[in-house]
Every structure is written in C-alpha cells, then in structure tokens.
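You will see two complexes here that share chain A, one where it goes with chain B and one where it goes with chain C.
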Partner chain A sequence: MSLIKEVDYGTPAAKSEKTVTLTIDGNDVTVPEGTSVMRASMEAGIQIPKLCASDMVDAFGSCRLCLVEVEGRNGTPSSCTTPAADGMVVKTQTERLKKIRKGVMELYISDHPLDCLTCAANGDCELQDMAGAVGLRDVRYGYDGGNHVKVRDNGEENPRYMAKDETNPYFTYDPSKCIVCSRCVRACEEVQGTFALTIEGRGFESRVSPGMHEDFLDSECVSCGACVQACPTATLQEKSIIEIGQPEHSVVTTCAYCGVGCSFKAEMRGEELVRMVPYKDGKANRGHSCVKGRFAYGYANHKDRILNPMIRESTSDPWQEVSWEEALRYTADKFRAIQAEHGKGAIGGITSSRCTNEETFLVQKLIRAGFGNNNVDTCARVCHSPTGYGLKTTFGTSAGTQDFDSVEHTDVVILIGANPTDGHPVFASRLKKRLREGAKLIVIDPRRIDLVRSPHIEAVAHVALRPGTNVAVLTSLAHVIVTEGLFDEAFVRERCDWDEFQDWAAFVSDPKHSPEAIAEMTGVDPETMRTAARTFATGGNGAIYYGLGVTEHSQGSTTVMAIANLAMATGNLGRPGVGVNPLRGQNNVQGACDMGSFPHELPGYRHIQDSTTRDIFEDIWGVKLDDEPGLRIPNMLDAAVEGTFKGIYIQGEDILQSDPDTKHVAAGLAAMECVVVHDLFLNETANHAHVFLPGSTFLEKDGTFTNAERRINRVRRVMTPLNGFADWEVTQNLARAMGLDWNYTHPSQVMDEIAATTPSFANVDYDLLEREGSVQWPCNDKAPKGTPVMHIDGFVRGKGKFVVTEYVATDERTGPRFPLLLTTGRILTQYNVGAQTRRTENTAWHKEDLLEIHPHDAEQRGVRDGDWIRLASRSGETSLRAKITDRVAPGVVYTTFHHPGTQANVITTDFTDWATNCPEYKVTAVQVSSSNGPSDWQVEYDRQAEQSRRIKPRIDAAE
Partner chain B sequence: MAPDKLVYMANQIATFFKSKPHDEGVEGVAGHINDFWEPRMRKQLFDLIADGHDGFDPLVLEAAPSIRKVKETA
Partner chain C sequence: MSTNTEEHSVRVEAICDRMAALEGPLLPILHEVQEEFGHIPEGALQTISKKLNLSRAEVHGVASFYHDFREEKAGKHVIKICRAEACQSMGADDLGDHARHRLKVDWAQTTNDEKVTLEAVFCLGLCACAPAAMVDGKVVGRLNKDRINQILDEVAS
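Showing the complex of A and B:
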C-alpha cells in the first residue's frame, strides 16, 4: 500500500476533438487543441515548476514560475496560460529560465516562515518542492523589512502579521504562510461556486480573506475543503494533519453520506484515519467534496458507539451486555418462537440504505429465505419509493436516466422539490458551474432555496408554489407546452405510445389546467409559469432534477409520472444533458432498492409473483419462496398495533426519528415482542428494542454503494471493525443462528451471487470494479462497461408511457385551528436523523433545528427571532426556536429533522402516497404559538430515552 | 390496521385510476392492490366489503372480484 497521488496536469483538460502537435524539450507531443503548454508538457512527462496552477481550476498565470521559452516568440510566457499550437517548439529549461525562477522563488521565500521541520505541511508542501526544483540555495533578504511572517523580534508591532484563524473546526488559516497564489480563491469560485474567499489588499498587502476580513466560521464559507485541498502550503491545513502528521498510505473508497456517492482517498497512518481527500478520478464528484464527506467522519470513533451486543427482556429494563453468540441465539429463538405462535408472517426486517449492496442483499435474503416471507422494506419507503413506481410505469426502469457528468451538457434545468446546495452539495457545485457557463435554471419550490439567487447564479423563474400542488403545477407547465405547440412531436411519435400521448395532450390542454386557472390554488403568477414552460421546452437540452419535495406527498407517484411526461413531451431523454434525475437521499438508497429491499420485488425490480424470477433464486438458495408481497414499513407498524406482527430486524435505520407520526411508530414498536436494532449507536428506535447488535462503519468493511446515477462504487475497508464484525458478517451470523447454511468469506462472493441472479448486474464483479473504478448498471453483455445514459434508442419498457395526472388535493388541509403549512427539509452540515453528523464537529454550524417563519406570520403571533415556539398539528406538538426569514412565503413554515430533541415527526401526519405509502412529510397543517420551552411530550420523551439507554456491564458467570 | 385507514388507502388508489377509461381503471385498482398489498391487508379489505362497509369508492367495489383471493395458510 502506498499514498495515492493523482497527477496534477496544471490546467484542466481541453475538450476539443481537434489535436495539435508541438515539440517540448525535443519530444513531439500531440494534445487536443486548447491544451496549455503546461499540461502538454506534463502529458509528455515533463513537470514544469508551478505554484499557482492546478488542474482543478483555470490557469491564472500569477506565480511566474512556470515560464518557458517558445522558439520565434519574445520573452518567457507562462506555460499555464499559453495554448499549445501546431509546430510550436518549447524549451522548459534554459539558463535564462533557471535564473528567473530562482529569483522568483527567492522572493517567495523571503516572506515565508522557515519553520519547515515543524510545519504541518512538511512532506506535502509544493513551495518546498519548488524551492528544491529550482535549486534555491540562498535567500538574501532577512525579515527586518516588511513581512507577514512574525511579530518583530524587537517587540515592535508588525501590522502585517496576522495570527492563525482556528475558528473552523476542521482546518486552520495561517496568513503568515500565504503566498497569494489564489488557488483557494479560485477553488471556492470555480469548483465549489460559493465565492466566499477573496484576496484583500493590494501588492505586498495582499492576502486571502474569507468575505470582508471575517473569521472562517462566521464567513460564507461552507467548509467543503476545496480551498484546503488547493492550498500548496500550510496556509489552509486540516487540523487532523496538524495533530497527527502526514499519512503514509491511502485507499480509495466511497462516502457514506448522501446519494451523490463521492469517491474519497482515505489517507491513513496505520489504522488511524488522518484525513479524507476527494479522489480526482471519482466519476461522481471529479475531485470535489462537501463538509460532510470531507470532514465529518469523527462519529466512527465517537464514545457513544456501542461495541458489545446487548439484550433485555423488557424495554423498561436496562441493557445487559452479552456475547455475540448469546445475542444471536436469543434473537433466533425469539423470532422462531414468534413464528411458531403467530405464523411465519409475524416477523420481518428493514434493510439499511446506509449499508452496502452486499449487506442489503443478505438482509433481504435472510428475510425471504430464512424468515420465509417478504416482509422486507427499506428507508426508500419514506423517500423515493414513488420514483421507483413512477419511473417504472412510464419508462420501465426504477432509476435516474443520466450520469452526473450529463449536467455539463444541459442548457435548461428544472429543479423541483430539491435543495442540492444543502442535500447534495457536490452535485450542486457541478450544477452551479454549468449555470455560470450560461445554462438556465427554473426552481419549483415553496421555499427560496439558495439556488434561486446566490453569487453568479439566478434562476430565470422561481415557481414558489403552495406545498402540495406539485401535480397541478407540472400539469399546467405541460398545458403551456402542448397548447403553444412547443412539444417535440418527432420524439414522441418515434419513442412513445402516440395514442396515450394524444389522450394525455387532450387532458393537459383543458383550460382548467392553464396557469391562469390554477394561479389562485397554487399561488404562482401565471407569467412565471409560462416563462418556465417556454424556457424548458425551447431552451435546448432540458434536464429535470428532483428530490423529496416531489415524492413525499400523497400524490408523490403522480408527480414523478408528471415529470416523466414533461421530459418525454419535450424530447428530453436518451442523450447527455437531458433526462429525469432523482437526487437520492442516502448513500446507498438506490442500491438498497436495486437489491430487492421492497416487499413486492426481488433484486433487479422483478415482482415476487413472477415465477421465472422466483425460480432463479429458489434454485440458488434451495428454498421455496413466498409468492405474496410482504408488508411495507407503515403496514408493519399497523399490523404490530393490531397484534399480527411481533418481531423485526432493523439494520441501520432509525424509524422512530425518521418516519412520520412518531407516536404511531412508537406504538407499533412498543407492541412488538422482539425488536432487533443493528446500528452504530443507541438510536431513537433502540429505545424500544430488545436486542442491540453493534454495527460497523463504512471505514470498517468491504462492499459497494450504488449512487443516484446508478454508479456502483467500491467501499474499501481501511480499519478493523471496532465492534469485531462487518455488518454483512453480523447478518450472516444471525442467519446461521436461524439455521441457514451461509458461508460467505468476502463480500465479493455476495456480489457474484447478485450478478448470477440479476440481469442488470450480470457483468459486475470486483475485478471489473477494480479495473474500471466504477460502473453504472445495467452492466451486462449488451453494456459490458455499464450504462451512463439510459433509454438511448428506446425505453426499457418499449414505448414511453404518458400517464394522465389528475391533481387531487391532499386531505391534509389548513383551517382555523391549523392555518399554516409546514414543510420539512435538510441543512448542509447535518445528515438525515443526524446520528452521524451530530457526533461530529458539524454541530458548530447547526446545533438545533429551527422553525423558519415569514415575518408577517411571526408578527401576527408575537414571535420574535430566536423565541421558543410551540408547533402543533393534528398529530402532535413540539417546541423549537423560531427563525424569522422571508425565504418562506407567508402561510408556510419550514424546519429540519436532524435533532431528536425537536421531534419534528411528532407533527407530521400518517397521510401517504396513494401508490407506495411514502409518507406526506412535506405538507402538514400546523399552528405556531409562543412557548416557554420544550413540550410535555419532549420532556417525557427525553426521560424515556434516558431510561432506556441504561447499560449494565457484562458479568461473566463464574463456572 | 384501522378499518378507516384501509378504506382510505383503497380509495386513494381508486382516485388515481378514475382518470383512466373505466375498464382500465377497474383493472388498474385491482392490479395495484394485487401487486402491493400483503395478504393480511387484502383479507381485511374483503372482510370490510363483505360486512358492507359503506365508505368504499365504487371503483374499489368494482375491482374487488379481480383482486387475488387470500390463500388459507397457517
């Protein structure tokens, strides 16, 4: 093992198909037109000295170190800003260049501290490398004159010296080490797109500054780490490097946070993780990261992690630590006893969208083959199950149609019900880059998300609809497109069912669907609607990206189909730059769905009633499979309350916090006889558990995650599981305790079983992933290296299906008692239920959930910014602090659900999507009033949680 | 589950399929319930219909004969 160092070519790759040939130091080099001399040279293996250049950002030409001589041209141009041209003859090393470079380096070093031995960048400092490369042996200038390096030895003040800024929890800014190369400023602009950094001052006064000379923590910085990665010195430096030192080896793995699925290098010293650095060859993230993946891994070693299995008879008892054997035996006996008494359908399980494909596959296999039923579900039930249903119905496959690179070819984006700068930050950065290049953006969201207007980005239309009216708005956009003749008839005739299109076209053309007719109901200005529709239909490559604001409604599945209709009608499918792109929430929620986590589907989205598919699994597994669909999560809870469902194995999901109507979830769990929680921490669900099986982190196991673009990425183990076993081993041991003869010794064998049974994975194995880095399913003989863009020559189902999408208002209505609409979402620094991110320094940014409320609504209720308020719905009530903002419209309030103390889901109702039972998180009628602090429910909840988390240490019985 | 909730769910499905041509709608409701409802839920549905629960959308009642019967198992 060694430290992986990607080659830095100095400037980004040129995309031209035309090539030019030039001579560099006597070597002929052929490169795409537009390539810099610096990059051409690096491709020929000649490294030109450089400081301000990096291939992550555009050439800048400021450091004056990369100078070259070009035959027939005057002077010494910088190679980073000089495009290669046919017949050019370049020299990278001459007496003149040597002299200039040495002089430049001497000036750099004259204002740089010489504490190299004790500097955190020692071993990873480009300034030091360049001093070495140019042969700098002497610096003639002392520190007596003007400098930024230190306070004066004679005690005089040095106004140019600035102490370190250590406010950011993850990295420091040491101005004394800044060489003003601007790489951080450009990374913040070009890669991240936040524009939080600038160079303040002029000439010798120049220095990097977050915002207007602010602290990093108080500035607009989003802590993505791009600047730290770009910095050639220790000016911006990870605190972990300062504490631990430089890593000695690294392993490429995949982030375990959101569905973007960024590739990272886990840089290690022994088994200690030194830092996570985004991997430039990662095809989802292309070398970028966000604050979660880059920095928020501290939970892996958090003191709250439970490392020993525990059991208890009753949830009012304290936990008793026991051996793995005892815990698994106890579970297996309980499950079998429940089945003997209440029937084989009385138990079930939940697969984890945070675990690997292999682990998910094994959990559903345990349930189908071991429990003998199909009572398996996953967290996609509460997020993207409508995506599965809607896209399968219209296109024939339950997944997004593009890869993330596709956005580089997009001209118009519709973003609906998603807030990528917070939920999918690395995709947001890629989108913003494209928007700065001129692509247009239409935002459909009740809330003014950052992408509506932020530095150098402005949406052409913000359709600020009332929560719950998605279908009406999308149908109305279609109305404009069809009635104004803006649809792509040729595409529809060739690819879709023409009769169904005509029925649909007649439906949407009805005047009752016009923007004017729905304006009062949706609250959207008709002109904004028409602008949005025309822009999308006529603006070139149109892509639709969406999130949970689409799916988590009682008409979630209908909305997904309305999105598909719109994409088909405008011919925006089957090539780069277009498509329907669900932004999946969790790292492996796509994979969990692919792996047969739904109660009606075997892996590869094949219905359980399909006997041919059952035969494939029955042959390999040697058991008869139940052919009836099983219970979905909400159905399991209902059945539990009713008394026919008694036991559950939950791997890595916290349904008590994440699922709606907390009281109903709690009642369901409390009614069960054996709740098994397999997790890293005693999560909220574990308050009602009888068995706790300690889980392992993504750093502690091998496997694969599948991201939102269907990309199968490797997860690689970099340290021994603290709990003793990877999660797939725990599931295997449970299966064995239940009498199944499983003998996997490595997750690659599970992947082989997946490939053998699932056509869309037919060619996937670990060797292929090793060679290719990653592949996107379908990956089979037809597409041996995977499928970046789907439905290229036709839809998976044959003809694309237009579905009539009648708007049906949700039954969750506002009224005199509950006059406001609550909608929920996420924030950048926290992730889902927060079990991981709350156990990291990310709490520096978001310590608690806040209720966003419009100034008008706040004033009417006498609520001031920061006040405790009571938030009540028909389901329950809770208290949290208010944040007054006009991001939300009057009548709408908004909060996040990252903190268990808030209990936002006490408020949400049990209304669900008609097709999939996906909960309606996004619309709840509420009332807001003043409050003195936590509600009685919150106080009682905390008391119960505290009591249920007591642990008795293990006592080994004396024989 | 609570009878009202089950009736509500069935009616939600019917509401979606109402915008289809009638026969296709009946088939759609039955097909959807066959595909996604666990036998316990289908049994409860049949029981409620047999008991003459008056809350069902007519489309659900029309679809009922095409909904898969529940096997008697242990």
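Showing the complex of A and C:
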C-alpha cells in the first residue's frame, strides 16, 4: 500500500474529437484540440513548474512559473493559457526560462514564512516542490520591508499581517502563508459553485477573503473543502493534518452518506484516518465532495459508539454487556421460541440502506432462508418505494435512467421535490456548473430553495405549489405540452404504446387540467406554469431530477408516473442529457432495493410468487422459500400491536426516529418480545430493544454501495472494526446461531452469489470492479461494462407505458384547528436522523431543528424569530424554535428531522402512498402557537431514553 | 436595520435597477453609489450583491481592489499627492511630509474640521511634470513647497 498520488495535468481535459500534434522538448505529443501546452506536456510526462494551475479549475495564468518558449513566437507565454496547436515546437526548459522562474520564485518566497520544518504542509507543499524544481538557492530580500508574513521583529505592528482564522471546525486559514494563486477562489466558484471566496485588496494587502472580510464560519462558505484541496500551501489546511501529520498510504472507497456515492481516497497513517480526499477518477463526483463526505467522519471514533454486544430481559432494565456468543445465542433462542409459539411469520427483519449490498443481501437471505418467511423490508419503504413502483410500471426498471455525467449535456432541468444543495450537494455543484453554462432550470417546490436564486444561478420558473398538489401540477404541465402540440410524436410512436398515449393525451387535454383551472388549488400562477411547460418541451435536452418531495405523498407513485409520462411525451429518454433521475437519499438505498429487501421481491426486483426465480434461489440456498409476500414495516408494527408479530432484527435503521407517527412505532416495538438492534449507536429504536449488536462503520468493512445512478462502487476496509466484526460477519454469525450453514470468508463471495442469481448483476465481480473502478447495472453479457444510460433503443418493458394520473387530494386537510401545512426536508450539514452527523463537528452549523414560518403567519401568532413554538397536528405535538423567513409561502411551514429532541415525526400522520405505503411526510396539517419550551412528550421521552440507555459492564466469571 | 441604512438601501437598489442592464454593471454601479453618497455606505455591497445575484465575496473583492471606493466620507476637498518613482525622485516625499505636517493628518486621513482629506496616489501619468498631485479631481504638476502651500491655503479657506 502506498499513498495514491493523482496526476495533476494542470488544466481540465479538452473534449474535442479533433486532435493536434505538437513537439515538446523533442517529443511528439498528440492531444485533443483545445488542450493547453501544460496539459499536453504532462501527458508526455514532462512536468512544467506551476503554482496557480490545477486540472480541477480553468487556467488562470497568474503565477508566471509555467512559462515556455515556442519556436517562432515572441516572449515566454504561460503554458497553462496557451492552447496546443499543430506543428508547435515547445521548449519547457531554457536558460532564459530558468532565470525567469528563479526570479519569480525568489519573489514568492520573499513574502512567505520559512518555517517549513514545522509547517503542516511539509511533505505536501507545492510551493516547496517548486522552489526545489527551479533550484532556488537564495532569497535576497529580507523581511524588513513590506510583507504579510509576521509581526515585525522589532515589536512594531505589521498592519499587513493577519492572524489565523480557526473558526471552521475542520480547517484553518492562515493568511500569512497565502501566495494569492486564487486556486481556492476558483475552486469555490468553478467546482463548488458557491462563490464564497475572493481576493480582497491589492498588492501586499491582497489575500483570500471569505465573504466580506468575514470569518470562514460566518461567511457564505459551505465547508465543502474544495478550497483546502486546491491550496498548494498550508494556507488552507485540514486541522486533522495539523494534528496528526501527513498520511502514508491511502485506499479508495465510497462515501457512506447520501445517494450521490462519491469516491474518496481515505488517507491513512497506520489505522488512523488522517483525511478523506475526493477521488478524481470517481465517476459520480469527479474529484469533488461536500462537508459531510470529506469531513464528517468523526462519528466512527465517537465515544457514544457501542462496542460490546448487550442484552436485557425487559426494556426497563439496564443493558447488560455480554459476549458475542451469548448475545447471538440469546437472540437465536428467542427467535426460535417465538416462532415455535406464535408461528413462522411472527418474526421479521429490516435491511439497512446504510450497509453494503452484500450485507443487505445476507439479511434478506437470513429472513427468507433462515426465518422461513418474507417479512423483510427496508427504509426505502419510507422514501423511494414509489420510485420503484412508478418507474417499473412505466419503463420496466426500478431505477434512474442516467449517470450523473449526463447533466453535462442537459439543456433544461426540471427539479421537483428535491433540494440538492442540501441533500445531494455534489450533484448540486455539477448541476450549477451546467446552469452557469446556460442550461435552464425549473424548480417545482413549495419552498424557495437555494437553487431558485443564488449567485450566478436563477431558475426561469419557480412553481411554488401548495404541498400535496404535485400530481395536479404535473398533469397540468402535460396539458400545456399536449394542447399546444409540443410533444414529440415521433418518439412516442416509435417507443411507446400509441393507444395508451392517446388515452393519456385526451385525459390531460381536459380543460379542467389547464393551469388556469388548477391555479386556485395549487396556488401557482398559470403563466409560470405555461412558461415552465414550454421551456421544458422546447428547450433541447430535458432532464427531470426529483427527490422525496415527489415520493413521500399519498400520491407518490402517481407523481412518479406523471414524471415518466412527461419525459416520454417530450422524447426525453434514452440518450445523455435527458431522463428521469431520482435523487436517492442514502448511500445504498438503491442497492438495498436491488438486493431484494422488499417483502414481495427477490433480488433484481423479481416477484416472490414467480416460481422460476424462486427455483434459482432454492437451488443455491437449499431451502424451500415461502411464496407469499411478507409484511411491510407498517404492517409489522400493526401486527405487533395486534399481538401476532413478536420479534425483529433491525440492521442499521432507526425506525423510531425516521418512520412516521412515532407513537405508533413506539407502541409496536413495545409490544414485541425480542427487538434486535444492530447499529453503531444506541439509537432511538434501541430504547425499545432487547438485544444490541454493535455495528461497524464503512471504514471497517469491504463491500459495495450502489448509488442513485445504479453505480456499484467499492467500499474498502481501511481499519479493523472496533466492535470486532464487520456487519456481514455479524449477520453470518447470527445465521449460524440459528442453525444455517453459512461460510462466507469475504464479501466478494456474496457478490458472486448475487451475480449468479440476479441477471442484472450477472457480470459483476470484485475483479471487474477493481479493473473498471465502478460499473452501472445492468451489467451482463449484453452490457459487459455496465449501462450508463438506460432505455437507449427501447424500454426495458418493451413499449413505454403512459398512465393516466388522476389527482386525488390527500385526506390530510387543513381546517380551522390546523390551518398550516407542514412539509419536511433536510439541511446540508446534517444527514437523515443525524445519528452520524450529530456526533461530528457539523453541529457547528446546525445545532437544532428549526421551524421555518412566513413572517405573515408568524405575526398573526405573535411568534418572533428564535421563539419556542408549539407545533401540533392531529397526531401529536412537539416544540422547537421558530425561524421567520419568506422562503416558505404563507400557509406553509417547514422543518428538518435531524435531531431526536425535536421528534418531528410525532407530528406526521399515518397517511401513505396508495401503492407502496410510503408515508406522507411532506404534508401534515398543523397549528403553530407560542410555547415556553419542550412539550411534556419531549420531556417524558428524554427521561425514558436516558433510563433506557443505562449500561452494566460485563462481569467475567471469577476463577 | 436603522432607518438610515434602510433609506440607503432603497437608494442603492434604485441605482442597481437603473444600471443592472449594462454590460458588466458592477463597476458603474459602485461609481454611481460613490457619486451619490460620497462613499460606499455600510450595507450597500450586500444590497448590490443581492440585486446582481453575485456573492458578497465577489462584490467585496471588486470594491476593495479600488482604493477610490471609500468606506467613509472624504473631506470637502481631496488632495492626492503622487508618491510613485518619478515624483519621489523629484522630491514628492518632502512635499508629502510637509502637507501631513501642515494638515496634522497622516496619509488617508481627514482633518478634524472635515475640510481636507490627504491621500497618496501611485502615478497620475504626469511623470514629465513631477512632482504631481490631484486636487479635487484636477491634476497639478511641477509642485514645490510654495505651490503646495498655496493649494493648502485654498482648501483650508
């Protein structure tokens, strides 16, 4: 193992198909037209000295170090800004160039501290490297004159010196080390798209400024770390490097936060993680990251992590630490006893969207083959199950149609029910880049998300609809497209069922679906609707990206199908730049669905009642499978309350906090005899558990995650599991304790079993992933290296299916008692239920959940910014602080669900999607009133949680 | 927000509305704001950044690059003495010291009676007539002690 050093070509790759050939230092080099001389030279293996250039950002030409001589041209042009041309003869090293470079370096060093030995960048400093490369031996200027390096030796004040800014929890900014190369500023602008940095002042005064000469923490900075990665010196430096030192080896792995699935180099010193650096070859992220992936890994070593298995008879008892053998034996005996008494179907399990494909596969295998029933479900139930249903119905596959690179070819984007700058930040950066290049954006969201308008980005239309009216709005967009004749008839005739299209077209053309007719119900100006529809239908490549604001509704599945209809009608499928793209919430929620986590589906979305599929598994597993679909999560809880469901194995999911109607979940769990929680922390669900099996982090195991673009990425172990076992080993040991003969020694063997049983994974194995980096399923003989874009020559199901999408209002209505609509979402620095991010320094940005309320509604209720308010629905009530903002429309309030103290899901109702039971998180009728502090429920909950988390250490038997 | 800054913000917004359609509107807007207020008032940069859909950092970067954009109001008269090489070689430093002494201010300061602001400038393009200065926007060359005294008398009256 060694440290992976990625080649920096100095300028981004040119995309031209035409090539040019030039001579550099006597070597012929052929490169795409538009390539810089610097990059061409690097491709020939000749590194031209440089400071301000990096292949992550466009050429800038400011450092004057990369100068070259070109035969027949005057002067010494900078190689980063000079495009390669046919027949060019370039010299990168001449007497003249040597002299110039030495002089430039001498000036740089004359205003730079010489504390190299004790500098955090020692060993990873491009300035130091360049001083070496140009042979700098002497600096003739002292520090008596103007400099911004240090307070003067004579005690006089140096007004040009600025102290370190340490406000960001993850990196420091030391202005005295800045060489004003602008790489950080350009990274913030071009890669991240936030524009939080600038160079302020001029001359000696010029230096990097976050915002308007602000601290990093108070500025517009979102802490993605692109600037830190870009900095050639120690000016912007990870605090972990300052504390630990430089890493000595690195391993490429995949982030365990959102569904973008960024590739990272985990840079290590021994088994200590020094830093995470996004990997340029990562096809989802292309070398970029967000604050979570790059910095928020501290939970892996947090003191709250539980490392020993624990059991207890009753949830009112304290936990008793026991050995792994005892915990697993106890669990197996309990489960078998429950089955003996209450029947085979009285137990079940939940797979985790945080765990690997292999682990998920094993959990569903344990349930189907070991428990002997199909009571397996996963958290996709509460997020993207409607995506699976809707896209399978219309196209034939339960997944997004594109890769993320596709956005680079998009001309018009409809973004609906998603907030990528917070939920999927790296995708948001890629989208923003495309928008700055001129693509148009239509936002359909009740809330004014950042993408509606932020520096250099402005949506052409913001359809600020009333929560719960998605279907009406999408049908109405279709109405405009069909009645104005903007649909793609050739595409529809060739690819879709023409009769079904005609039925659908007649349905949407009904005047009752016109933007004018629905305006009052949806609250959207008809002109905005018409602009949006026309822009999408006529603007070129149109892509639809959507999130949980689509699926988490009583008509979630209908909305997904309405999106599919829109894409088919406008011919936006089957090529780069278009498509229907669900932004999946969790790192492996796509994988968890693929791996047969649903009660009615075996891996690869094949129905459990399909005997051919069952035969495949029965052959390999050597057991008879139940052909009846099992229970979904809400049904398991209902059955528990009724007394017919008694035991559950929950891997890596906190249903008490994440699932709707908390009180019902608590009642269900409390009614069970054996709740087994397999997790990193004593999460909220564990308050009701009888067995706790410690989990391992993504850094502690091998496996694969499948991201939102169906990309199977490798997860690689970089440290020994603190709890002793990777999660797949724990599941295997539980299976063995229950009498199953499992003998996997490595997750690659599980993947081989997946490939052997699941056609869409047929060609996937770890060797292929090692060679290709990653592949997108389907990956089989038809597509040996995977499938970036689906449905290219026809839909998987044959003809694309248009489905009539009648709008049916949710039963959740506002009324005099509950006049406001609550919708929920997330925030950049926190992730899901916050179990991980709350245990990192990310709390510097978001300490608690807040309720966003419009000034008009706040004033009516006498609520001021920062006040405690009581939030009540028909289901329950909670208290949190108010944030007054016009991001939400009057009549709409918004909150996040990252903190257990808030218990936002006490408020949400048990209404669900008609097809998949996905809960309606996004619409709840509520009332807001003043409050003094936490509600009685919250106080009682905290007391009970504290009580439930007591642990008695393990007592080893006396000799 | 105080009523003063609120009023400023309305006026800055009006300037932005008037000039936002220009190609590269930021510099013309900053000039116009300085023209209207005599300086760039607090909060103006935020208002401009919102109006032009730029980040705070970008507007700050541009405004702080140009010394002519002032954060505070200048005195009634502004004297800028050139301190660049040609003028220095012709005795500009002595002139500067003299002016600072007489006005009892340092560079970039305004007299207590708010009548005069003294500033350094680096090259007015009048090297042939060094030492040179600029008084309330008008250039003057071939300065010496007498001429500087004359100027100081004029602005002080």
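What we mean here is this: the second predicted complex is superposed on the first by the 958 of 959 C-alpha atoms of A that agree within 3 Å, B and C clash if a C-alpha of one lies under 4 Å from a C-alpha of the other, contacts with A are read in each partner's own complex, and residues count from 1 in each chain.
Following the convention adopted for this analysis, a contact is a pair of C-beta atoms (placed from the backbone, for glycine too) under 8 Å apart; a residue touches a chain by one contact, two chains touch by 3 or more.
As the structure is a prediction and not an experimental result, all values here were calculated from the model.
**Q** Answer with first, second, both or neither: which of chain B and chain C does A:Glu642 touch in the superposed model?
**A** Touch status of A:Glu642: first partner only.
**Q** In the superposed arrangement, which partner chain does A:Glu200 touch: chain B (first), chain C (second), both, or neither?
**A** The second partner, chain C, only.
**Q** Classify the contacts of A:Pro455 with the two partner chains as first (chain B alone), second (chain C alone), both, or neither.
**A** second
**Q** In the superposed model, does chain B or chain C contact more residues of chain A?
**A** B
**Q** Just checking: does A:Ser554 make contact with chain B only, chain C only, both, or neither of them? Give me first, second, both or neither.
**A** It touches chain B, and chain C stays clear.
**Q** Contacts for A:Phe507 in the overlay, against chain B (first) and chain C (second): which applies, first, second, both or neither?
**A** Only chain B; A:Phe507 stays clear of chain C.
**Q** So, does A:Ala163 touch the first partner chain B, the second partner chain C, both, or neither?
**A** neither
**Q** Return first, second, both or neither, reflecting whether A:Glu220 touches chain B, chain C, both chains, or no partner chain.
**A** A:Glu220 sits against chain C, while chain B stays out of touch.
**Q** Per the contact definition, I'd like the list of chain A residues that touch chain B in the complex.
**A** 343-345, 374-375, 507, 554, 557-558, 599-600, 607, 609, 628-632, 635, 638-639, 641-642, 644, 804-806, 808, 910, 912, 914-917
**Q** Spell out the part of chain C that touches chain A in their complex, as residue ranges.
**A** 45-46, 49, 53-61, 64-65, 67
**Q** In their shared complex, at which residues does chain B touch chain A?
**A** 1-2, 5, 9, 12-13, 15-16, 18-20, 32, 34-41, 71, 73-74
**Q** Hey, which residues of chain A end up touching chain C in the complex?
**A** Those in contact with chain C are residues 194-202, 209-213, 219-220, 453-458.
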